[in-house]
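After this come two complexes, each holding chain A, first together with chain B and then together with chain C.
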Partner chain A sequence: MLGSMAGILFDGFAYGMLLFLLSVGLSVTLGMMNFINLSHASFGMLGGYVTVTLMQQLGWPFLATLPAAFVISALVGMVMERFMFRRMYRATDLDQTLLTIGVVFMSIAGAAYIWGTVQQPVVMPDYLSGSFLVGGVNIARYRLFLIVVALVITLLMIGGLEWTRFGAQIRAAVDNQRMARGLGLDVDRTFSLTFSLGSGLAGLGGALAIAMVGLDPGFAFAYLIYVLIVVSVGGLASIWGSFVAASLLGICDMAGKYYVPQLGSFLIYLMMVGILMWRPVGLFGKR
Partner chain B sequence: MANMADVLLDLRNVRAGYGDSVVLDDLSLEVKEGESLAVLGRNGMGKSTLFLTIMGFTRLTGGSVSWRGEDITRLASHRRARLGLGWVAQEREIFPSLSVEENLIVMARPGPWNLKSAFELFPRLAERRRAMGNQLSGGEQQMLAIARSLMINPSLLLLDEPLEGLAPIIVEELAASIGRMATEHGTTIVLIEQHADVALSLTRKAVVLERGAIVHRAASEDLLADSKTLDRYLGLKLEVI
Partner chain C sequence: MASESESGAAFSPRNFLASRTRWHALEIVFWLSTLLPFVLVPDYLQLASQIAIAALFAISLDLILGFAGIVSIGHAAYFGLGAYTAGIVSKYGVSEPVLLLVLAAIVSGTLGYVSSFIISRFRHLALIMITLGICLMLYEVANLTSWLTGGADGLQGIKIGPLLGTFKFDLYGKTAYAYALVVLFLCFLVCRRLIHSPFGLSLRGIRENPVRMPAIGAPSDAHIRKIYTIAAVIAGMAGAVLAQTTSTVSLEVLGFQRSADVLVMLILGGAGKLYGGILGSIVYMVARDQFSGINPQYWYFWIGLMMVLVVMYLPNGLLGGLEKLTRRWRGKS
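Now for the complex of A and B:
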């Protein structure tokens, strides 16, 4: 019993870390730049297809595709921010929602057109496959790898935002755009880089997700819901909040499917409603 | 006509405002290197709008703005700041989620002003360097706002009511610091101030703004002695502090 509980905690946490990678970029762009980007999970999906294509068509090793998934999603994010989303920063919430949901539909149709509607198979390298036992708990190598990657990225992000000048410039631009400009900050460029970074992280999350949850064109919608739950439960603009919310969500989802399978995914929505009733701004949100 | 090389900022027949409303109308103003200028006027006469227009934050519908002889009428705000225009906003606008030190270094540019010299000018900021922007008193915020703009090492500093709402003792201290900036460091200063007496004693030249236009120009010294003009435009009898 204890062993299975520890196993669920581990698997749930690993799943949570996947959700964290997919959503942390949105927490930043939605919370800091006030842009409702429902197409965020589409960037995750793009990263997934980059990995699949590089592995299947060009025979790249899995690990080498991860930076590529990050870079390509980041570049596509930067281009879309520059030519489409930037114009909408001052638009109403509804306009932003409509535009980005349109992008979701287009990304789904585009992915189905290029890669088909089937699940994309990927074969993980040996050193990331299989599992080993620690104190009776079954530890899947790939899930451990996910956790390590997510922890490293969390530290990099929190450190980058809190301790670098670029991080301070992002916070300054978010606090007061006009004053930041008045002091010489190219706010448009700062937001463009931030947006691009967020899209890149989603792409990395998408690439890492395939081995755990599969990949098909439905990804952009299926994970949009999870990503929005993570951001709202964690609180806007809080990296740490996203981390905690994603962990909770992952563990609840795993536990729910294991102990009360008849409830299915219902448990996580129940958790979300409960937390938001208790704290409407999310666990670590300020507004 | 002044030597063009000496002219830092040159506004010609500027017409500007927000949306459809026009606040400044046919306003011309020249600021030379090393000069100190007081901008006086009652509330709502367009003093802050003048600064916002210089920084490129208003809608300009007529006239031109030049910087060292180059037209910057359509230049983005952040580029104006990088050219050497420093602006201390009336509401101070400290970044709340940055510490005092971060507020200072976030946009700092190389030059004589650095953390060390800023802390020398405002020792209080050195004591509070780890405090967050939203934990400061009004006086500390004002010191930080000024120091933050100095850190970009501007050639010209626009100060919008830096003494507003501060305790008298802090007003004295800040006024002394502003005076030192002008005299010892040779920073060119344009100062908006409700306390006309303080503003005039800190500057060499003065203009009076009324309904978005300059209605009076004088040497600060002369205007300080000219209580009739002051009374007419500012509606105040000077009290000696």
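Now for the complex of A and C:
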């Protein structure tokens, strides 16, 4: 009993970290830049396809494809920001919602066109597959790897935003654009870099997620809902909030599926609506 | 029309509203032309009835989104509830379509009324996520209670009797289109009256500034609750008509895709003007019918592109673009 509970906790936490990796980029673009970016999971999907393609066509090792997934998604994000999203920062919620849903539709059809609608096979290297026992709890290597990566990224993001020059520039540009411009900051450039950082993180998250959740063109919609839940529950602009919300959701989802499987995903949605009704700005949101 | 209402002495709120309620010649032409499919394209009456249903659903979304400024990406909740109500009740012996329609309207309206207390309290991202959350929860409920709804297999055994006891739903969709069109037109009349009333004006005020409206004596929350309930009623009726004319209800009526589709139709046509939703659904449904015949898999690419272009270059939808063109043309001549 206790062992199974610890197992659920571990698996749930690992699943939560997967959600966190997928959504941390969104707490940058939606959270900090206040841009309702529903196309976030599309960037995740792009990262996933980059990894799969590099591994299958060019025989790259899995770990080497991760930076590539980050860089390519970031570049695509930067180009799209320059030509599309930049003009929409001041638009209404509705326009941003629609524009980005449009991008999601295009990405799904585009992925179906290039890679087909079938599930992409993802073969992990030996050192990341399999599992081992610790005190009666079955620890899958890949899940442990996800947790470690997520913790490293959390530290890098929080530290980077708090203590680096670029982090300070981002915070200034997001908090008060006019003031930041007045102080001589190149706000357009900062926003462009921030957006591509968010997109790159999405790509990295997608590349890491596909080994556990699979990859087909439906990815962009299926995980959009999850990342939105994580970010809105965690609170905008809060990396730490996303981290907490993602772990909570992951563990609740796992526990729900184990103990009350007949409820399915209902529990997660109920939890989201409940938390948002209690705190509309999310658990750690300020605005 | 703009110059008429602006020209001086006769301007009063009453005259302004009266000038808006007057029927324009184009409107009459439009409604008469909805009868044309009966003679011109009798093979496409099924599609025409689908369009009328989509238009009704789009009008319902327009009431809350276009007029009151409530962005909802889960409006299919009420559509689906209406469809399931009509379908399930018909299994238990009630087969008169009009009665089923009323029942569906009541059930959807009740859910709309209850959830309006939540909706009216929120704005921005929380609002979008809560509308989505309500729809997802209903979807899961329908999926889980498969003894009642048939779950993923769809509802089995729907029996719809002849309309008013006389008109059977035929294979060509003659009755279906006539029925959908009548429901659409009646709802449209109600909505048209509604938005040109003082209540309709105060809704637009709420859209522009929900905080300031109570200061001039228009309670924002109460108004939002009212219009949200009305919109839910109409969405439920649209769902019921779909269930009756196609005799099928599947989980897809509650899906995110349906909420997104209706949003696209409304924005494509132009939000905040009742005809926008109708025009948008005509263009969308006809285009889908044509494109998906060529290549169904990539249909969504064109829809996505259409959305991006509309948002970036046609901020008021097709209807807004047309209005701009006619104004420019009149200005020149």
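The working rule: the second predicted complex is superposed on the first by the 287 of 287 C-alpha atoms of A that agree within 3 Å, B and C clash if a C-alpha of one lies under 4 Å from a C-alpha of the other, contacts with A are read in each partner's own complex, and residues count from 1 in each chain.
Basically, a residue touches a chain if its C-beta (ideal position, glycine included) is under 8 Å from a C-beta of that chain, and two chains touch if they have at least 3 such contacts.
Computed from a prediction, not measured in an experiment: that's the story for all the values here.
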Figure out whether A:90 sits in contact with chain B (first) or chain C (second), or with both, or with neither.
neither
Practice item. Please work out whether A:171 is in contact with chain B alone, chain C alone, both, or neither, and reply first, second, both or neither. Key: first
Which partner does A:276 reach: the first (chain B), the second (chain C), both, or neither?
second
Once chain A of both complexes is superposed, is A:266 in touch with chain B (first), chain C (second), both, or neither?
second
**Request:** Pick one for A:181: touches chain B only (first), chain C only (second), both, or neither.
**Result:** first
**Message:** With both complexes overlaid on chain A, does A:98 touch chain B (first), chain C (second), both or neither?
**Reply:** second
Chosen between chain B and chain C, the partner touching more chain A residues is C
Counting only contacts in the complex, chain A reaches chain B at residues 165, 168-169, 171-172, 174-176, 178-187
In the complex, the residues of chain B that touch chain A are 55, 57, 76-79, 81-82, 87, 89, 93, 95-98, 102-103, 105-107, 109, 133, 148-149, 152
Contacts from chain A onto chain C in the complex sit at residues 30, 36, 84, 87-88, 91, 93-95, 97-99, 101-110, 112-113, 117, 221, 225, 228-229, 232, 236, 262-266, 269-270, 272-273, 276-277, 280-281
Per the touch rule above, chain C residues touching chain A in the complex are 65, 71, 73, 118, 121-122, 124-126, 128-130, 132-134, 136-137, 140-141, 143-144, 256, 260, 263-264, 267, 271, 297-301, 303-308, 310-312, 315
